[in-house]
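We just call them A, B, C and D in the order they show up, numbering each chain from 1.
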Amino acid sequence: MNAKSGRRRVQAVLKRVPMTLFLLLGIILVFSLLTGPAKYLKLSNVMNVINQCASGVGILALGSFLAICSTGVDLSLGGIASLSGMLTAKLLSWAPAPIGPALLLVLAIFVALAAGAVMGSLNGLILSRTNIPSFIITLGVSKICETLSRVIAGGTTIRVNGHAAFEFIGSGSLLSVQQTTMKGARVITRSIGILPVSVLIMLALYVLFSLLMRRTPFGTYVYAIGGNYEAAELSGIDTTRTRFRVFLLGGLLAAVTGIIMTSRLTAASAANGLGMEFDGIAAAVVGGAAMTGGRSTPWRTFIGALTISVLRNGFSMIEMLPAMQMIAIGLVLIIVVAIDAARNRR
Amino acid sequence: AEEYEVTLILKDNTSAGWRYLASAAIAMGEEIGVKVTENSPLETQDADQQYNAVLDAIEKEVDAICIAPVDSAGIVPALTKAYEAGIPVFTTNTRAFNEGDEVISFVGVGNEQGGYDIAKYMFAQFPEDETINLIIIDGNRTGQTTLDRIAGIERAIAEDGRVNLLDSQEAKFSRAQAQETMENFLVKYDDIDLVIALNDEMAIGSYNAIVAAGRVEEMLISGFDGTPEGLQAVLDGQISASLNQSLPGQGSEVIKAVKTYLDGGEVEEWIVVGGEVCTPENAGELLTKLIK
Amino acid sequence: MQWIKKHLATLSRLSILLVMFLLLVIVSPSFGTMTNILNVLRVSSLTLMVATGIALCMLVGGIDLSVGATIALTSILFGSRFQLGHGIGDMVFGIAGILVVSALIGACNGFCVAWLRIPPFLATYGIQQIARGLAYVLTNGLVYSNFTSTFQFIGGGRILGIHTPIIFAALLLLIVGLMLNKTTLGRRIYAVGSNREAARYSGINVNATLMMAYILSGIIAGFAGIVYTSRLNCAEPTIGSEFAQEAIAAAAIGGISFKGGHGNVFGVVVGALILTLITNGMTLLSIDSNWQVGATGVIIILAVLIDRNTAKKKH
Amino acid sequence: MSDTILEVRNICKEFPGVKALDNVSFDLRRGEVHVLLGENGAGKSTLMKVLTGVYHPDSGEIYLHGKQMTFQTPRDAQKAGIAIIFQEFNLAPNLTVAQNIYLGREPCTRAGFIDRAKLLQDSQRILDFLKVDIDPNAKVETLGIAHQQLVELAKALSIDSEILIMDEPTATLSDREINTLFDTIRSLQERGVSIIYISHRLQELRVIGNRITVLRDGQSVGTRNAGDVAMDDLIRMMVGRELKKERIRSVNTSREEYALEVENLSQGKLLRDISIYVRKGEVVCLAGLVGSGRTELAQAIYGITRRDSGSVRICGRDIPRPLPTRCIRQKMGFMSESRKEFGLALNLPIRTNITHAGLKTIFPSGIVDLRKERRIAKEFRDKLRIVTPDVERNVINLSGGNQQKVVLAKWLSTDSEFLVFDEPTRGIDVGAKEEIHNMIHDLATQGVGILMISSDLPEVLTLADRIYVMREGRIVKELGYEGITQEEVIAYATGGVAG
């Protein structure tokens, strides 16, 4: 009797765990079998994947999710990341700087976030006041960002040299452990960051946005707009303001991504980040978002983002040819979403 | 002999030049017992993806990394990580802006110098006292290669004094885009003397547009890279010159250098490959060498 | 008066085009030449063809991001596999082969969207990755060129002084327009796009209709690929990477709704022309490449903005 | 009792080609139930949307407590104390019942987070007050249409309003829920809330209404006290003509051709072991309470949902794996109860909507004959009196009742031999209802088998040749040709009599 109710409870919990999580675990299993678990699942590679997620699609995917949840799509996230990253680099490479390095860092981050906010607001402003499809607006804004980024770059890549505090954002870690590997006869000791700053930023953002979506009126409004726009409007929700905020937040998230990216590369080129918006959308959809809006959650999106990072890393670990990787990633994305869709239909 | 594992990271997975380099590298690897695995960014020339590729290679514990960085500055932190993990790095085609000993050796020509050389050569084809109305078909202005080649061309322009730069446009190193861009230029300008395209593909695309407009007699075209198609076009008189990067040469030389280094030998810091201007005179010879 | 009211949206779109045209004529002397106008028409005709196909997908409430990759893959296939012989028969066989392959790609899209219920955006993005990946694998980055002169005529020739792509685009548009307005397939496409459930309850085979729209889009992309390959006289795996975006923008400027079931395919002409005018005009005005990107963005938004605002009703 | 709380003066509102409101004046007193009556498209919903800030009037004034007001948005109206239940549902299907009830007005803690405990409690209280058994944590998309209507009601009640507008709240409800609703209305009235009540069910009006205002063609025809007005007068005011009542049809029981035979059909917990049949030329009604599974039965027959077991024959042919396309091929038609979701392509013209179900039969060649299509559309516009300037208009611009007529026209334009009507007269005015009844009657006379689902018992009794009563997914009783009474049906439906 007790066992039965216990099993039922387990089943109930399992039912709430998104299918994609199991699929992700399956993918990880396959990769570790193909590469050899000792090599694939070693600490440094695990941290490598999570790091790649944090500085790549991880944070940006939240923006994609928000836009999709409110029935839009945000194609400008990559462009905004590029612009913000470029601004950060440009300001930090200001020489001779009229202010101290600490202040300069604060200024650079502030300006980068502000740029993200401005571009996000530009999306939001046009979007919430007209009925132009978000696809078009964000495509346009993306191009504007790209242009600004190119012009600021002035035809070179901008390097940031010797700014330790800034590099800490993208490459630093609060805690490190030593990992020793044998290389032939040589013993190589590497320190592996197990609390990387960028990952912590990403996790903090997910916690924050999860709260935002589940626990605040704003979150409910976003879901309501996605579920039934008219109903939301007639219920007295300020849909204009809500959609504006969605894109504003998207811009900020993209700016954070841009800052981390520049910090990791210690340089910014206008091409950085372009095209990332598609990864973001893929992550959100793999996480269960419907393009018609109102579905999925931040944590599900996180699973989607991780899936993409795991796929990228895994295919490169098993030494698949780059062109084959493209095919494989396309296939796996389709299969994962198809399985999820089939389960939801039942 | 012992097999070494090497990861080769080029700028993209799409354009012809990089394929020549990769094929040659892999072929050379097979010959001398080095297992070469390519892991270039998929489509876009993406510094972040190259960074990730380097990190993945470190996790794979390969014996060496060969890379043609998209972003000479942006790749340095990743190379430092490889250095810390004890993996030697070789650059080819494009240098990295490293300041320490992260990079063992660079294999290739200087893009800036190449741009200068070919521009100089083309300018010399015109009579002393004539102004030269120049069009540049750009590659991709967010990438290092384009920036370096343009810098070289600009140096040549400044020295020459006869050149009037009419216009320049990005055509993304693509034959198709170059053809469309050139079509527009042909409508706009009726006094073009010289077209410098930043690679052979774009040179051929421009040539196609010029033929379609029936204006072949009016202007000269130059390419860059010395790919088989490019050399053939030089031989056929479609384009006047290209710059021999010897991409296959870069591929095989860099793998040779890796092998030498891993075997404990000495390698030069800069291994010069190619760099000569391909003209109708030497194109045939270069082509036979390539196809072999 | 009634007529003007009914076609207000179309008229406003046309007037944007006209204003752009006049501005360019005033600013750039070489713009108004017959050569350039034909040039603009020819370039836009490819965007137009692809956009016509995408419009079908948008009308059923979807989208097709895979068209560019379809063009690349089919042209590569044509170059590498179908163009071994040089006779007319080989060419016809090759073209037929391409149309079949592109229909298959469309069918894959349709299958993912209709039966697997994958959001069209992701499904066609995935298929796009696969198709382009295949193109790279097949060519290893090489370029195929030097097609027969018969083949080159398809995209590069002229009939009565008019470039063949223009004629093809016009024919295609006419056929698709007739199909949408005058056949039950057209009715089904609009019905499914407007309200999929209602269409199902009305006994319309929703999946078959979705499938049809994506297959048609694939075939049209394949056909555009042939014309494009022939015009460039080369097949390379990177071509068409920006086609999808551009065609979608053209369709949207032309008044095709992203929500499905709304819009007239003839509006796409204006959309394609506006987009081509932007690039062509900026090249003629010698605007720096760096700025061109952004200017395109601004004009796309403005074009849709002006259009939507005149069409927008507020009670 | 007679203090005026809301007054509307000389409101005009014009849509392209339609004068929806033409100088309408109207007043509402404290604590009264003021009924708005009028044919489909008379302008009732439009007037309410003007009152709640959804539409802005072209001219005219609104006075609340004698003060002139202009509402820019629905929110303004809400703040001023006006709540509304719209005719078309306005719920977010992906949110829970509780979230929907308090949408836009979530109780928050001081930190700015939603106070979920309070949200649940408050929702539960309102649902309890309405005596409905809905889990406030359930997502709205899992609810049937009737329960959704009740959520709408709960949502409106949760706004502490002085004025409550109900636009056809009973259209989807059956008697039990309607009685609960009326109880609710009375207790609200006692609290001094004024109610504007729109309905096409005339028999309700005198039960619940205090005063009645009739609109016709966007104009106010007059206001009467509910107590002293004769039904016939009201109808004349609404319709502007007399309705003919007589209908004679003798059921041709000798016909032994079956339009539908269902044997032992089961589907999970919703449908259990159902066997019914419909002969050609017969009108069979499915009666039952909301949630008894009538819609589910029809959907299972039509192949919208999968049945677990049992067999279905349509027009004599077995349909082992039903799908709408297959059923239509066997000349079946199904008019769904939810026009917005399943019935109409809202942003397409009336003309094309009407031919959607019959594309294959109307245009067998696959080529659309525009002239024929237009002719058919016009024919139905005239026959069903669809109020519209022309058939090219998009359906979304029609009034609710006229939209319903378009759905009906869609099915009438097919050459079906077996038709299922699920709540066919939902939101249809008396005049049109009469016409629809006539039409169903005619169809049956021509030999079409008809299965009708209706929560409107008088309608069931006037039309049905035979009645199946459903309760909790079972057929509990088959009632024959003669002498069925309303009480009998209710008794079986509620389980008052053993089946």
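One rule holds in what follows: a residue touches a chain if its C-beta (ideal position, glycine included) is under 8 Å from a C-beta of that chain, and two chains touch if they have at least 3 such contacts.
Computed from a prediction, not measured in an experiment: that's the story for all the values here.
Engineer: Among the remaining chains, which ones contact both chain B and chain D?
Structural biologist: A, C
Engineer: Using each chain's Cα centroid, which is most distant from the centroid of chain D?
Structural biologist: B
Engineer: Could you tell me the distance, in whole angstrom, between the mean C-alpha positions of chain C and chain D?
Structural biologist: Distance between chain centres: 43 Å.
Engineer: On a C-alpha centroid basis, what's the spacing between chain A and chain C, in Å?
Structural biologist: Computed from C-alpha means, the inter-chain centre distance equals 31 Å.
Engineer: If a residue has to touch 2 or more other chains to count, which residues of chain B qualify?
Structural biologist: If we look for residues of chain B contacting two or more partner chains, we find 13, 43, 141.
Engineer: What are the residue numbers in chain D that touch two or more other chains?
Structural biologist: Residues 54.
Engineer: Two-or-more-chain contact residues of chain A, please, as numbers and ranges.
Structural biologist: Answer for chain A, listing residues that touch two or more other chains: 150, 155, 321-323, 325-326.
Engineer: Pairs of chains that touch, anyone?
Structural biologist: Touching chain pairs, listed by label, come out as A-B, A-C, A-D, B-C, C-D.
Engineer: With touch defined as at the start, can you tell me which chain B residues reach chain A in the complex?
Structural biologist: 13, 37-48, 51-53, 55-56, 58-61, 70-78, 84-86, 97, 140-144, 147, 150
Engineer: Mind listing the chain A positions that touch chain D in their complex?
Structural biologist: So the residues of chain A in touch with chain D come to 211, 215-217, 220-221, 223-224, 226-228, 230-238, 294-295.
Engineer: Show me the residue ranges of chain D that touch chain A in the complex, using the header's touch definition.
Structural biologist: Touching chain A from chain D are residues 54, 73-75, 78, 86, 89-95, 99-100, 103-106, 108, 112-114, 116, 155.
Engineer: Give every residue of chain C touching chain B within the complex, in rising order.
Structural biologist: My answer: residues 28, 30, 33, 35-36, 39, 43, 132, 136, 140-143, 145, 156, 228, 232-234, 236-239, 241, 279-280, 283-284, 286, 289-290.
Engineer: Chain C touches which residues of chain A in the complex?
Structural biologist: These residues of chain A touch chain C: 73, 126, 130-133, 135-137, 139-148, 150-151, 155, 278, 281-282, 285-286, 290-291, 321-331, 333-334, 337-338, 341-342, 345.
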